[in-house]
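Labels run A, B, C, D, E and F following the written order; every chain starts at residue 1.
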Amino acid sequence: MSMLQSVLAANGDVAGFFRMGGYAAYVWPAYAVFFVVLIVDTVAPRLRRRRVLRELSARLARQQARQDRTGGNSIPSPPSP
Amino acid sequence: MTAENPTAPLLEARALSFLRQDEPVFAPLDFQLRAGELALVEGDNGSGKTTLLRMLAGLLHVGEGELRWRGEPLQRDCCAGEILFLGHQLGLKADLSPRENLHIAAGLHGGRDGAGVSAVLADIGLRGYEDEPVRRLSAGQKKRAALARLLLLPATLWLLDEPYANLDRVGIALVNGLLESHTDAGGAAMVTSHGAVSFHGGEPRRIRMHE
Amino acid sequence: MTAENPTAPLLEARALSFLRQDEPVFAPLDFQLRAGELALVEGDNGSGKTTLLRMLAGLLHVGEGELRWRGEPLQRDCCAGEILFLGHQLGLKADLSPRENLHIAAGLHGGRDGAGVSAVLADIGLRGYEDEPVRRLSAGQKKRAALARLLLLPATLWLLDEPYANLDRVGIALVNGLLESHTDAGGAAMVTSHGAVSFHGGEPRRIRMHE
Amino acid sequence: MSRASLSTACAAMLRRDLTLAWRRRGDIAMPVLYALIVTMLFPFALGPEDTLLQRIAGGVVLVTVLLAMLLALDAMFSSDIEDGSLEQLVVAPQPLALMLGMKILAHWLTTALPLIVIAPLMAAMLHLPGAVIPVLLLALLLATPLLSLLGAVLVALTAGTRRSGMLLALMLLPLCVPAVIFAAGAVAAAQEGLPWLAPITWLAAALVLAVVLAPLACSAALRIALDA
Amino acid sequence: MSRASLSTACAAMLRRDLTLAWRRRGDIAMPVLYALIVTMLFPFALGPEDTLLQRIAGGVVLVTVLLAMLLALDAMFSSDIEDGSLEQLVVAPQPLALMLGMKILAHWLTTALPLIVIAPLMAAMLHLPGAVIPVLLLALLLATPLLSLLGAVLVALTAGTRRSGMLLALMLLPLCVPAVIFAAGAVAAAQEGLPWLAPITWLAAALVLAVVLAPLACSAALRIALDA
Amino acid sequence: MANWIPLWLHKLGSPPTFYRFAGALQPWATALALVLGAIALYGGLLLAPADYQQGDAYRIIFIHVPSAEMSMFIYAMMGVAAFIALVWRIKLAEVVAMESAPIGAAFTFITLVTGSLWGKPMWGTWWTWDARLTSELVLLFLYLGVIGLYHAFEDRRQGARAAAFLAIIGIINVPIVHFSVNWWNTLHQGSTINMFGRSKISWDMLWPLLTMMLATKFYYAASLFRRVRTDLLALEGGKDWVRRIAEEEAGR
C-alpha cells in the first residue's frame, strides 16, 4: 500500500506519513539537510551579488569624485617632526 | 630625556672592537657622538659597519674596549627607549599592513607626542598603501614603511644601516630631511651609506672603518 | 648567438603592460633594445620597475600588449640561456659558499669560455671569502656573490634590478665596468637604479615608468 | 614623548601575534588537521575494531596532540628572526621576558587551544568512553602549556644554530616523556575507574614552576643566541 | 660559450640539494627522530603489553613514517622561494620538469631513505614479527616515493599562497589514504600469512605513473604559482 | 583543425554575452527544477510503496542517489571547464569551474549525510571505512581543496588557474567513486539502476528517482548561472558593461 493510500484512507493516517514506518528520525533529517543545504546554496550568491554591486557603485562614486577634483599626484614634502 | 651628566658626550667609544672567533672584525675605534651630531660610518663592503651598529644597539656584546652612554658604561637598561635601530632587515611583518606594523612599534616603544600613525605614513610617502600587506609593497615602499618608525617613535640616538638603499630620489631627500630635523631637535644619529649622499646641514662627522 | 633576423631589435615591447587583479600596474610601454645597448629603467618607488623586469625574464606572464625577441613573439624556449636575471632576492643559498653557488649556476646555465669560478670570484672582489657560507657575508659581499654570475654565465641580455644597492664605490665602478664590456661585446642590458649612477660610455637609453 | 606602559606593550605583543596567526589561519589549522588526519589514519592502519581502538584511544589522542604541538613549536621564533622583528623586540625598552611570555601565550592560544577543542572529537572517533573525556581535557589543559613553555626555552636556545630541528627534538624528548606519562596515567586511571588526581597534581605543580621560570630562561637564551 | 648539458645540470641540481641537506643534517635527522619518538611514546601511552603492541605495530610504523614525511614536505620549495633560487631555476635554460624531478629525488633521498633505514628498528621496538619486516620495507619503498612525488605537485601549487599549511594537509589527505590502505593491507596480509602481492602491485603501478607525470605536473603548477 | 572550438568558446565565452544568456535561461532552469522536484517528491514520498526489506527508510534513496550522482557529474563538468580554462585561458571557463565547486561540495555533503543517516538503520553504523564511503569523502576533500586553493591566492585569475590544475589532477577519483563497489567488495549497495538492461527496482520507485535526478540537473544549471553571473560582475568590475548594470541596479 502506498503512503498516499494510507494517508487518504478512512482514518486519515496523516501522522503515519510523518512517522515514516518508524524511520522518521532518519528520513526527515535527511530531507531537511537536502533542502537546507540547497537553500543556502541558492541564497548565498544572491547576497554576494548585492554586495558586489554595492561595492561597485561605491567604487564608481569614488572614481567620479577623484576625477572632479583637479590635480595630479603631489610629491610628498619632507616632513618636519 | 634626562641627561645624567650634561657635559659628557651622548655616546663615546674607546678602543672599541668586536671579536669573532677571537679575531677583531675591525681595528679599534675611538669616537664621540654629542647631541645634535650626525656621524657617517664609512667603509668598504665587509669592513664591519653593520657589526658596529649592531653592537651599539646592544645586539652584539662589546668585544674589547669600552662604550659609554652619557658618561656611564653602556648597559641594557640605562639607554632603554633612547636608541632606535634600523638594520638590513627591516623588522616588518610581511603579513601585516604598514599601519599595523607601526601600531605594534608604538605599543612597544611608546609614541612621540603628536605623531599619529596615519599622518606619519602619509608623510613618508605611503599614502594609499596604509592597509596593504607589506609583502605586496615594492622594495622601496617596504623601506619607507620601516623608516616611518623614525617619525613615530621617540628616541635620542638613531642607528641607521644603509637607510638610502632602494629609495628613489624623493625618498633620499626625505631621509636627509628627517636626519636634519632630528639633529636640529637635539638628537644624534649614526648612518652607514655608500651612495653619494649630500647632507643639507654642513659636513657630518665621519667614522672610517679600517680593515 | 644565432640571430634569426639580423635587422630586428633584440627585444621589442609594444603597448606592454602587466595586470594585477585585472588592473594595469603601469601605463603601456613601448621600447626597443638592440644589441650593444644599455637601457636604464627609471621610476619612483612602486612604479613597476621590478614587475617589468620579472615579466621580461618570463616569471610573470604578459598581461596586454606584445613582447618580441629578435622579431619573434617571446616564448620560453626561444630565448633559453640568453637572458640573465638578477632580482631583489639574490638567489643564493645561504648555507653554501659563493664558490658552490657559482658552480651550481654554471651547471644550470653552462659556463662562459675561459671563466673559472675562482678567477671570477677574485675579479668581483671576494678573494678570501670563496669558501665562507653566504650567510656569514656582509650585505655588499652577498650582492657581489650574486653579481659574479654576470661574469661567469653566458647571456645576451642582462636584466639587473638595482644592482648597485648595498655596494661600495669600488663595487659600483665594478658593475659599471661590467656593463660597459658587456655592451661592447654586443650584449644588451636593462638596469633599474635610483642612485646617481654615471656610466662611462655615453648616455644610456632611458625607459621611464609612468604611474 | 610618552614611554609605553607595560600593559600597552603586552597588549600590543599579544594582539600582534594573534593578528598574524589570524592572517595565516591556514597555518593554525595545520596542527588541527594533522591531528585529525592521524586519528583518521589509525583505523585504516589497524583495522576498524572497536575494542582495540577504544583500548588505545586515550594514548593516541595524547601523543597526537603533543606531537602536533611539537610541529608548530619549531616556527615559534623563526619568522621573527628572519625578518628582523626579534632584533627590534630585543632593542625595545620593555622587559624581554614579559614580551616573550606574551609570545608564548599567543602561541599556546593559537596552536594548543584548537587542538584541545577538537580533542573530544578525536576521542569520539576512536570510541573513547564519554566519562573519560573530561579527564583527558584536564590533562591536556595542563600538559600543553607546559610543553609550550619548555619548548620555547629550547627553541630560543637553538635559534642561533643552523641544526635546530634535531637539537630541538633531542632536547624535548626528555621533557615530553614525563608529561605524556603523567597525562596518560591520569586518563588510563579514569578509564579504569581508579583515582586520577595524583598525576594531574604533579602536572599542575610543574606548570606553575614553568610559568614563572620559562620566560626568564627564554629571554636569556635568546640574547645568547642572537649574539653572533 | 658552452651550453650546459642536461646531465651536467641534473648532477648540479642533485649535488646542490644533497649538499644543502648535509649542511643542515640536523634537519634531515628531524623526521627520523620524530618517528623514533612516536614509537617510543606509544608503549608509554598504551602500556607495555606485547600482544597489543604487536597487533598495532605495522600500522603505527607505516602511519608514523608517512607522517614524518609529510612534515618535511612543506619545506620542499619554501627556502628556494624565499631566497630567489627558484626564480633562477625557472629562468635557467633547462627543462624545469627534469630539474624538479631531481629536487624531488634529493628530497626523497634525504627524508624518506633515513626513515626506511630505521623502520626495522621501529618495528622491532613494537615487537613486529621479523618475517613481516621485508614486506613492510617493500611497502615503504613504494609508498614513500609516491608520497614525495604527489606531495611535490601539491606543494608547488600552494607555493604562491600564504595559507599553505592547512591547504596542503587538506589536499594531501586524499592522497595519503589510498597509499596507507594498500601498504597497511600488504603488511596485515603478511602478518596473517596471506598473499600480499596484490596491494603491492597496485602501489607499484601508481608509482610508475607518478614518476612519469608528477614532475611535469609539478613544473606546470610552479609556473602558475609563481606568476603574480 | 579544431579551430572552431576556441572560436565558438570565445564567442559564448565573452562575459557580457554569457551574462545575458545565463540571465535569460536561469529562471527557466529554476522553474523546471522546482516543478520536477515537487513531482519527484510526490511520487517518492506518497505514491511509491514501502520496501519489503527496508520499510520506509529506503525513501532516503530519492535524495541520496541523485545527490551522489550530481557530486560526480559536477566534478566532471568542473574538470572539463578547468581543462578549457588552462588550455585556452578563457575567463568564463575559469569562472564556471570555480563556481561549480561549491555546488558540487554541497551535493557531496548531502550524499555523505544522507548516506550515514541511511546507514545507521540499515547497517547499524553511521560510518565505516569502506571503499565507496571513503572515496566519496575524498571527493569532498577535493572539492574543499579546490575552493580553498582558489581563495588562497590574492590574484583571482591566478587562483583559478591553480585550482583548475588541482581539479584536473583530482578527476581520477571520480571513476574510483563510481566503480569502487565493483572493484572491492564492500558494505555499500552495488548498482541498482541499469540504464540499458532491466533495473533491479520497481517502476514505482524508479520513476520518482529518475525525475529527481533530472530536477537536480536543472538545479545545478540554475545555481551555476546565478553564481557565474555574480562572479563575472565581481571580476569585470572595471569594464563598461558592468558599470552600466551597476548604475541600472542602483537606480532601481
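Here, a contact is a pair of C-beta atoms (placed from the backbone, for glycine too) under 8 Å apart; a residue touches a chain by one contact, two chains touch by 3 or more.
According to UniProt, the chain labels map to these proteins: A = Heme exporter protein D; B, C = Cytochrome c biogenesis heme-transporting ATPase CcmA; D, E = Heme exporter protein B; F = Heme exporter protein C.
If you're wondering where the values come from, they're calculated on a predicted model, not measured in any experiment.
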Open item on the list: Once the contact rule is applied, which chains count as partners of both subunit A and subunit E?
Closed with: F
Task: Starting at subunit B, fewest touch steps before arriving at subunit E - done: 2
Task: Best-connected chain pair, where connection means C-beta pairs in contact - done: D-E
TODO: Please flag the chain sitting at the greatest distance from subunit B, going by CA centroids.
DONE: F
Open item on the list: With touch defined as above, tell me whether subunit B and subunit C contact each other through largely the same residue numbers, more than half shared, or through different ones.
Closed with: same
Task: Averaged-CA centre spacing for the pair subunit E and subunit C, given as whole angstrom - done: 37
Task: subunit A and subunit D, separation of their C-alpha mean positions in angstrom - done: 39
Open item on the list: Measuring centre to centre with CA averages, how many angstrom lie between subunit E and subunit F?
Closed with: 34
Open item on the list: By the touch rule stated above, which residues of subunit F touch at least two different other chains?
Closed with: 148, 152, 154-155, 237
- [ ] Any chance you could list the residues of subunit E touching two or more other chains?
- [x] 23-24, 82, 162-164, 166-167, 170, 173, 177, 227-228
Task: Per-residue overlap in subunit C, given as positions that touch at least 2 other chains - done: 20, 88, 95
Task: Residues of subunit C touching subunit E in the complex - done: 20, 57-61, 80-85, 87-96, 100, 103-113, 133, 154
TODO: Give every residue of subunit F touching subunit E within the complex, in rising order.
DONE: 134, 138, 141-142, 144-145, 148-149, 152-155, 158, 161-162, 165-166, 169-170, 173
Task: Interfacial residue positions of subunit F with respect to subunit C in the complex - done: 154-157, 235-238
Open item on the list: Can you tell me which positions in subunit E touch subunit F when the two form their complex?
Closed with: 153-154, 157-158, 160-164, 166-167, 170-171, 173-174, 177, 217, 220-221, 224-225, 227-228
Open item on the list: Help me check something: in the complex, which residues belonging to subunit D touch subunit B?
Closed with: 1-4, 8-9, 11-13, 15-16, 19-20, 23-24, 79, 82-85, 87-94, 99, 226-228
